[in-house]
Amino acid sequence: MQKVKVGIVGGTGYTGVELLRILAAHPQAEVTMITSRSEEGVALADMYPNLRGHYDLRFSVPDSAQLKTCDIVFFATPHGVAMSMAAELTDAGVKIIDLAADFRIENLTVWSKWYGMEHTEASLFDKVAYGLPEYYREQIKQAQIIANPGCYPTSTMLGALPLLKNNLVDVNNIIVDGKSGVSGAGKGANVAMLGAEMSESFKAYGVAGHRHLPEMKEKMAQIGGREVGLTFVPHLVPMIRGMENTIYATMTSEMSQAQLQELYEETYKDEPFVDVMPAGSLPETRMVKGSNMCRIAIYRPVGSSQVVVTSVIDNLVKGAAGQAVQNMNILFGIDETMGLQQVALLP
Amino acid sequence: MQKVKVGIVGGTGYTGVELLRILAAHPQAEVTMITSRSEEGVALADMYPNLRGHYDLRFSVPDSAQLKTCDIVFFATPHGVAMSMAAELTDAGVKIIDLAADFRIENLTVWSKWYGMEHTEASLFDKVAYGLPEYYREQIKQAQIIANPGCYPTSTMLGALPLLKNNLVDVNNIIVDGKSGVSGAGKGANVAMLGAEMSESFKAYGVAGHRHLPEMKEKMAQIGGREVGLTFVPHLVPMIRGMENTIYATMTSEMSQAQLQELYEETYKDEPFVDVMPAGSLPETRMVKGSNMCRIAIYRPVGSSQVVVTSVIDNLVKGAAGQAVQNMNILFGIDETMGLQQVALLP
Amino acid sequence: MQKVKVGIVGGTGYTGVELLRILAAHPQAEVTMITSRSEEGVALADMYPNLRGHYDLRFSVPDSAQLKTCDIVFFATPHGVAMSMAAELTDAGVKIIDLAADFRIENLTVWSKWYGMEHTEASLFDKVAYGLPEYYREQIKQAQIIANPGCYPTSTMLGALPLLKNNLVDVNNIIVDGKSGVSGAGKGANVAMLGAEMSESFKAYGVAGHRHLPEMKEKMAQIGGREVGLTFVPHLVPMIRGMENTIYATMTSEMSQAQLQELYEETYKDEPFVDVMPAGSLPETRMVKGSNMCRIAIYRPVGSSQVVVTSVIDNLVKGAAGQAVQNMNILFGIDETMGLQQVALLP
Amino acid sequence: MQKVKVGIVGGTGYTGVELLRILAAHPQAEVTMITSRSEEGVALADMYPNLRGHYDLRFSVPDSAQLKTCDIVFFATPHGVAMSMAAELTDAGVKIIDLAADFRIENLTVWSKWYGMEHTEASLFDKVAYGLPEYYREQIKQAQIIANPGCYPTSTMLGALPLLKNNLVDVNNIIVDGKSGVSGAGKGANVAMLGAEMSESFKAYGVAGHRHLPEMKEKMAQIGGREVGLTFVPHLVPMIRGMENTIYATMTSEMSQAQLQELYEETYKDEPFVDVMPAGSLPETRMVKGSNMCRIAIYRPVGSSQVVVTSVIDNLVKGAAGQAVQNMNILFGIDETMGLQQVALLP
């Protein structure tokens, strides 16, 4: 089989280098171009020395004609960029995976409000699938544009959706207490993300709301079949990689902890990248560091009406670049796990 | 005024060294003895080199006769030790502050269940006050034994009690998502707390329940006037010091965010160690590192029925040794802030 | 005694906030103004929440007339700023402590080469003392301008100078392997200092040379009496605060390890902020976190011609703001240790 | 080709889990047994959750008969264990790679002194090769027992040996300032390695000498052809993985920096796991995190007689398990890079 020719637009940030790390070991894909206006001509390995010896590429200026020679183009860009090039590329038969948010939310009024710009490509949405394979695999197979989910939505929905789909909880009041490592803030020069600022400290952030909230609400309603009342408070953890979400919901069913455990195991038994932890154990983010796994535990605290789900991912892998490659595999009929079976780095 | 003569039983752990750090700069207190069976004869400064030049003391074997020469004895010991010496010391007129849990829970059936031992000193409880000055100051003044609160209860209750006391929320379903640095686990040799294990990772723990839960439930009911339905999930943060609790409750009142802000500011306006953050800001644990402050923010997320409170302390200071010294100051009629006005270490 | 009126120019960086932290607890000093062009009107506590409740000041635009009302002005500014205001302020009788490098190097040709600007104030050098009290105390007492030493020079010279002064080593080949936490890089938005970049990594830097090298060479020659051949390689440690220097020199004397230990203890026995560790132990940076101490160990490795000295400081305290306050105390005849006796924060 | 059947003795520590991580992705090797007395019957994935889904194995009690069914046995054990089983296994035709120190030092008097036990297997040394492929590849091919090098020796010797082999430096006085992350201390419960103890701190250790010193001295003399005077001071870095060594030597040649650069590039141009960084750049440990690369820079500081080499590895990969797999590949005639081409995890 011929290798999939991959282009990456905007590969200078953390999701870009993570795509490159993963694709370097992918037997059926080959990165043929990577673009960055600001870094034109710079060798990949000079920007990311971990790639020394793995790539000979240099950053080039984004150019549609060139990108059309690719089978697939990943956008690891700020919001709005994929939107501006999507029509031209899809018209040329190129598939697109957007790691930003341009196609994540179908309700464009909501999207515009949270992202602060007009959405100019409403007509493309019939080619779009939301790239959470565990719940949208069939749509992904048919799509030409994949909206790669946000990290918080990925981890939260894999954890919460079995409760919603099975009508086990009060959907009016679901609480998601999210925690993310600092790589989630990207590689921009930002005083608040300096090592001297974020190390040895923990905080909630996003009191004014987080863009992943409307994304979660829309998709949870879509899959669960009902509007969801969601309170989401994200927090910053003094570590590089990793994300944990602790989800609280009020049980409306009498299901025991053992039954919930069984339900979750059954739900995900064929999913290669969702691991339901054994009863009585809880996942740690290091259990997925560098890997595409999502690990989940579910339990009912003694004396509480709540069910608690904890869900961990590596925000750069299952929360971004790994899931994007998983989507690419689905799009091209490749084994879904190809290039994604790295064991987490522990310790 | 003569200095308060202080004895410390069991000062080899983190709360012990933190007591010593704080008391070294306290103008009205003098540590006259510190005990440890295992470290008898070892100079303080050899165990804790940060104390070199500040203390000439050596660890001695705990001895009641000697301890009775103190005005106050702090117990920085495992659970059960303070209980075993409290009667003898209080009979001799010595005041006690127990940094462990022996006198935190009045319902001794509950206590025994969670701490796995019989409570042998029920009769002492009429000399006990729960050492959360912001809510028990008058009782502390009269007491001879202070049950110094747990770290999670301190941070959580300072954050949540204004809601409860003012009947603003549904008390049947309060959620506390707690996060603590690793110093909370103490100085015992424990593989799970090795730097190579806990660094760069985040996890929930305590799926089977945490001892601070019954403590919070009892005191919150005591102060709020009603039983409280509480779900508490603690998490471990990869940092040494600091604790954050994010508290979720369903509003039963129509109070606006601005009114809540005002209520909190009013509630704590005379408290030297509770700081209500300006509206729109959120506290970070580093804002209290090494200091006795608790900093709190309250807000109502848009589109949610919930009120969210975030509360940070240094688990070793306001969560342990600092609060203990605050209690000592109250017990001896010293200015409550004496020795406790260190500025947090930032960055 | 009236309090010393302190002005701070440029207090938005880490040395600025550290000065404020230390001075908040100084019984004989009062910060009466703090300037920053970019932050004019901002309350100190809004920029540095650890200072909430400790200061009522706001940043003002630097103004000579106002600054002349101070007894002393600290410059926590980029290089070149103190130089531009020093003549006017000293003419008005104001004392100056420059935490930047404007007056550290007397050889202005060397200075200009390393700092990339002309030195316009050669004539002021007769009012200048190099602010390393352990070696320049008498000069400091007489001076009007204090060149507060760099962090690497402070730690290195306190460690190495007893060897040089006593002619014990080959001065042609001294090696200083330096390590610093990231706060040393300041609070500027700098991608290389992001938490996601510097955490969990260690590196040498400054292959092209470091500005602290000519400073060390000049002062070591001045005190040791001979030119010094110095190789200095700085490294970045993934931690916020702290600096360690490991110094290697070839012994030219037959002194035993025990004799060296005795020499060091004797040298520093009256110094309040230099602590020679007991023989056989080695200092850790956490032993001085937040404190003004320098802790030093000296030993002779078995089978080696070398003597090894390890020296630790908190780069922001003894390496910057603490030493500046120590110098202020000397300038004003205050007890040298006043406001500087904080115990290091451990753990 | 049939897969190599691999046994691992003592796989509960960090080098054990790292071997398992690497071998999970090795196309030509299969782990058929793993032993641990203390963990008999425990599933691998229960001890190391990152391995969930990758292995079905359980720990078994070490048993010679069973181990003889393997083609190769890795010993990830305390010192002395490999020695006790080596004769029996090699007699049965099994190859051995010892990740401990039993066969690292040929001078058994020296070995016994540093390791505190008798060496009972002197006669096996004719089957032994020191497993640093870049300098002992031919010997490894012929050997039956591989002494996998220590982490400090690997990084130091790859950095220093080109200088020694080419007679460019004074061999009487080479200084190695080493720095290691805490995973190097292993997974034992050790108070000094607790997160609350080692985080946010830096220190030198090993004042009494480090076991890797005699190993380096012997091998450097062996390859360089002359006795080496070596001063080695190891330091502990607050990070999990990674090691950097800064090597200082006095030039006895007139070689310029450019010539040295060329010499190093030439020396290692065919080595898959040694990367000489471009002139003017310096390696960071994160550039090799999780990878088998050693990255090296060499430069001559201005105005110094010294040459400086900095060399980084991941202590658990090129410093332990990765190099062990590289040696296995050589032993079995497999492509030396097989299973070892993972890109370093960055950020």
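To keep things simple, chains are lettered A, B, C and D as they appear, and every chain counts its residues starting from 1.
Basically, a contact is a pair of C-beta atoms (placed from the backbone, for glycine too) under 8 Å apart; a residue touches a chain by one contact, two chains touch by 3 or more.
Owing to the predicted nature of the structure, the values given are computational and were not obtained by experimental measurement.
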{"item": "Reaching subunit D from subunit B through chains that touch each other, fewest steps", "value": "1"}
{"item": "Where subunit B and subunit C overlap in contact partners, by chain label", "value": "A, D"}
{"item": "Taking each chain's C-alpha mean as its centre, the one farthest from subunit A", "value": "C"}
{"item": "Centroid distance [mean C-alpha coordinates] between subunit C and subunit A, Å", "value": "46"}
{"item": "Chain centre separation in whole Å, for subunit B relative to subunit A (CA means)", "value": "39"}
{"item": "CA centroid of subunit A to CA centroid of subunit D, Å", "value": "36"}
{"item": "Contacts with two or more other chains, residues of subunit B listed in rising order", "value": "14, 181, 183, 187, 196-197, 199-200, 238-241, 281, 283-284, 286, 289, 347"}
{"item": "Footprint of subunit A on subunit D - complex, ascending", "value": "14, 17, 20-21, 24-25, 46, 48-54, 183, 187, 199-200, 240-241, 275, 277-278, 281, 283-284, 286-291, 293, 295, 316, 341-347"}
{"item": "Subunit A residues touching subunit B - in the complex, by the definition given at the top", "value": "172-173, 175, 177, 179, 181, 196-197, 199-205, 207-209, 229-233, 235, 237-242, 244, 246, 248, 250, 280-286, 289, 297, 299, 301-302, 304-306, 308, 310, 312, 347"}
{"item": "Partner subunit A, residues of subunit C touching it in the complex", "value": "14, 181-183, 185, 187-191, 193-200, 238-240"}
